[in-house]
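Before any comments, here is the structure.
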């Protein structure tokens, strides 16, 4: 039975730890975090060992694989420690906010034949998986245009935003990854527009809250992404893939199917599921399952560190596009 | 070119007259009604002759066919006059509120080989026609259960209700006809429940405002009809046909496809189209077209006077069921 | 911490046992069933004690409350044993297929102040809870008509059906309970029609596969229920509540929100979730939670044994209605 | 009573002529076109006079206003003739494919106080009107992002495309106009990507079949437009407006509300209405009505020649953006 350590005791680590603990096919050996209060509480709830040092947890004999949910600037160090011990890793994105550091890390991982899966959780959303299966089956023919809508329910606190790397590297990066998987070809050109329509004060940290992006692949396939840091009706996550033989779309999730009719309105439904923890609860579970299955089967991981690097590069191209007013060539 | 007289100058006659006038394949010769003010206004708007005597209009040389939209108690007399002159008739339902009189009229019509089409307009609704085509094609296999929802937007004035013949003969009669066409077999048993949930004072005229009916055919197919004289959200007209290989449904019509999202609600749509004049505008047009086509081709009419008699009989069975608390056998 | 025994090791007991085991606020002490192979497997998977004798499990010191998922004919005996020991029970419906026996059991339970919650799982479906909340809040005004659609995906095996008590006592009984809760008043009259449209051979066991029911309350509120043992498109579970100020509906659940467009079709969605284990997974969890909460708070249970008796009585009235062709007065 | 001449006898002129003829408040005096066969047939069907010379028709005493549906390269000459005679004009877009000529024409019209309404028919679509009303009422707060989907059902013949002015000036021009009205501010920046995914041979006429555009206004509002010359599922026309307090969307039109369920699919609906003649039939009627009302009330026309110029300029900016790979500043 695969024995797993979860590194981190914050929001995302809590999800991963609970999923590991609930999975009957693996064992949660230890949870590690220097934040003693948080890690003690989480480990006691889930009934596993505690470590206050992540490196120590990685090295433990009763740890076969790692799930990393620590702050971004620790990712590379922890990942590489595990890789050097030959232990597979599921790491939250991004690798690092600095592209050069991230690129070096990916090269190191690849040279060491490290097994690192990057946590692009949305890839494992059942709706998205079904879209990709339909595309792969040829249901809609050759893909022509992809439209990705991705709006958060509300602006994150300024402290968070200050260290987030900016909207493209923090938020749109998920959509860049989705674009890559739905287009089925690498984007070769990126154009972006960005505005401050929610919070003008974001100018102080050189960030934006509302962006629109266009991507183009070598064969001419096109993708549009729109993001906003605030949507009053909830977490808006929609995909549309338009192809030569048809179109396939998903829709947002709502807590119920109930519809209400009154004298002035019909078909009234609930607001959307509030945010990613609810909307992508299944995705996190499936992501972990696929990691576990791949590790046990010694099969290729469904996402790689290089996927993280590519998404980060697209984010950087978008930022450059805003600065130059030009479409930026993707050279990687 | 077929020359048509419209008898009546009220609400429904207005619709028929306008449709006749707008149809490029026929000519509106004359509109007739003893109500001089109404008929003068209508005829002048549509640019045709006027008659204050319906019998006279029927007999005119420049009239080949009749559309009857006069009060119910004149239907039999006018129909038979036309039949005796060999002129085809499209007559609003019902034939008569008195079953014995209606039955005699149908026998007379049939003996004289009269061409009388009864105005069950909903049969010609494009959605319903599509349902029937799908059933006939076998898309959903053998029909098992039919559910008909039929609610008016608001209670009609008491004067109207007093002379309506009661909810079953005035309102549910349409649904009895729909049930017959969707079941594809004649109902052999009727059970009904009736309440006064909108207007208790209907007890004074021995009428009801909310009814539920069950029908059964000889082979065991089942149908449920629910009606209410008042639905605050508009004219509620839905059909569901469930069969061995699938199900087919239609939905209500709305003036637009617009959907609104706010902080508390999503997918909010308009109220329904208000009432039958809007909801079934297309049906009246198509009904007239099919009448004209059948007359010109000397083909059987899509509905007959006997259809009216059968629907009226089902209404009477429902009334008897309420009085006896029993399922009533349909013997006709 | 509340310590629970699960009686039974079949399909439904598996669900209950897993939910008990996963609930952090209670402990699964023991699973009991004379079927050794089944109970051993289940207990070992969930890591709890085993008993081959249900009565013994009920009596154990480390058992504070019972969840009964054994065959119907054992329910009364096991329930009463627990009641006599003052232990609260969550028991799968029905109490018993024999009304007289069930009635005596309910009297015994009530005389002994027994705490017995009957497993009408659909009451705890989040969609249904939301409907009931909206009705209670007055969102749609006074209820007038309720329409319940309830179709199974496929006919159960003949062996099952032979001992099921018939479609009304086995399947429609859930809908009778739903009708009671949505109408907000007790039905006083029942009328039913029944056919064999899926499997004519059901005549041999005097059972039916397709039924339609009407219910009426003292104030005239109406309810229609339609059931069929087979719907090729999946488990069809819909509710509609129509009131003086509006209407509220729920819809079926589907595994995804994906919609596909092709040259011949648009808005194509998945088939429905297959059957009750998937469709009502949340309901079973919430049902158990509400049982646990009520037990811990020493509060009234959300459903009672008497609820089971009432639903069974409505089923019996429906059967009598079919035999007599009459609406049957509900006297209980 | 306003007397109108329709210039042209082609597809779009047929629609306008039929709408003029059916409008009870105006008179169709004459239809003019050098194409004798076409104009004779149309005039005889609608019962009005014929002219084979458009200039002659404009000058007629019994003509108070003009509807121009002739080939694009005649628009300016005919418009200006009417303007010089003080007669109001409803003219199909575009003014001219050459921006400089169009700009001079607009200046001439404005100097002469000419009344010219440009036929941006989609502005008068009931769904779109409702969207604009909701935005104006503040239902969704300040607009942030607009998404316009606009796909034709199939590629037009090469002869048509060769003289169309290219996808941006022929097809996307409608969406540029829609963007202007929904954003509520003028775009100041345009970026475009274009591909040949339907018909590579379009390279020969330097045209494209699949494009994506981004627009930005001075205050930072954003708009995305996607177009494709071929969508197998029909004419795809959707709008989404996302604002600070909500979102409002419309959906495509379908010929019916019917939904079909089978063993493998649910919620299956018809393909979309095929093309603009069906989809925008109401828009053409309302457009004409608003023209007539404004002329009679001597009120400002709802669209102007300058609107046509602005949309054409945005199309030209998009073309320049493709050539340069840059976002193009809108200077007009």
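Lettered A, B, C and D in written order, each chain numbered from 1.
We take it that contacts are C-beta pairs under 8 Å (C-beta built on N, C-alpha and C of every residue); 3 or more make two chains touch, one makes a residue touch a chain.
The chain lineup, named per UniProt: A, B, C, D = Inositol 2-dehydrogenase.
Since we're looking at a predicted model, the values are computed, not measured.
Two chain pairs, A-B and B-D, are weighed by contacting C-beta pairs, with B-D ahead.
Comparing the CA-atom centres of all chains against that of chain B, the greatest distance is found for A. Computed centre separation for the pair chain A/chain B is 58 angstrom, with centres defined by C-alpha atoms.
Each chain gets one centre point, the mean of its Cα atoms, and the points for chain B and chain D are 40 Å apart. Shown for chain A are the residues in touch with two or more other chains, namely 232-233, 245-247, 252, 259, 261-263. If touching chains are joined by edges, the resulting network of the protein chains shown connects every chain directly with every other.
Those residues of chain A that touch chain B in the shared complex are 232-234, 252, 254, 259, 261-272.
By the touch rule above, chain A contacts chain C in their complex via residues 22, 24, 45, 126-127, 130-131, 134, 139-140, 245-253, 255-263. Those residues of chain B lying in contact with chain C across their complex are 142, 144-145, 147, 149, 151, 189, 191, 193, 195-198, 210-212, 214, 216, 220-224, 226, 228, 230-233, 236, 242, 244-247, 325-327.
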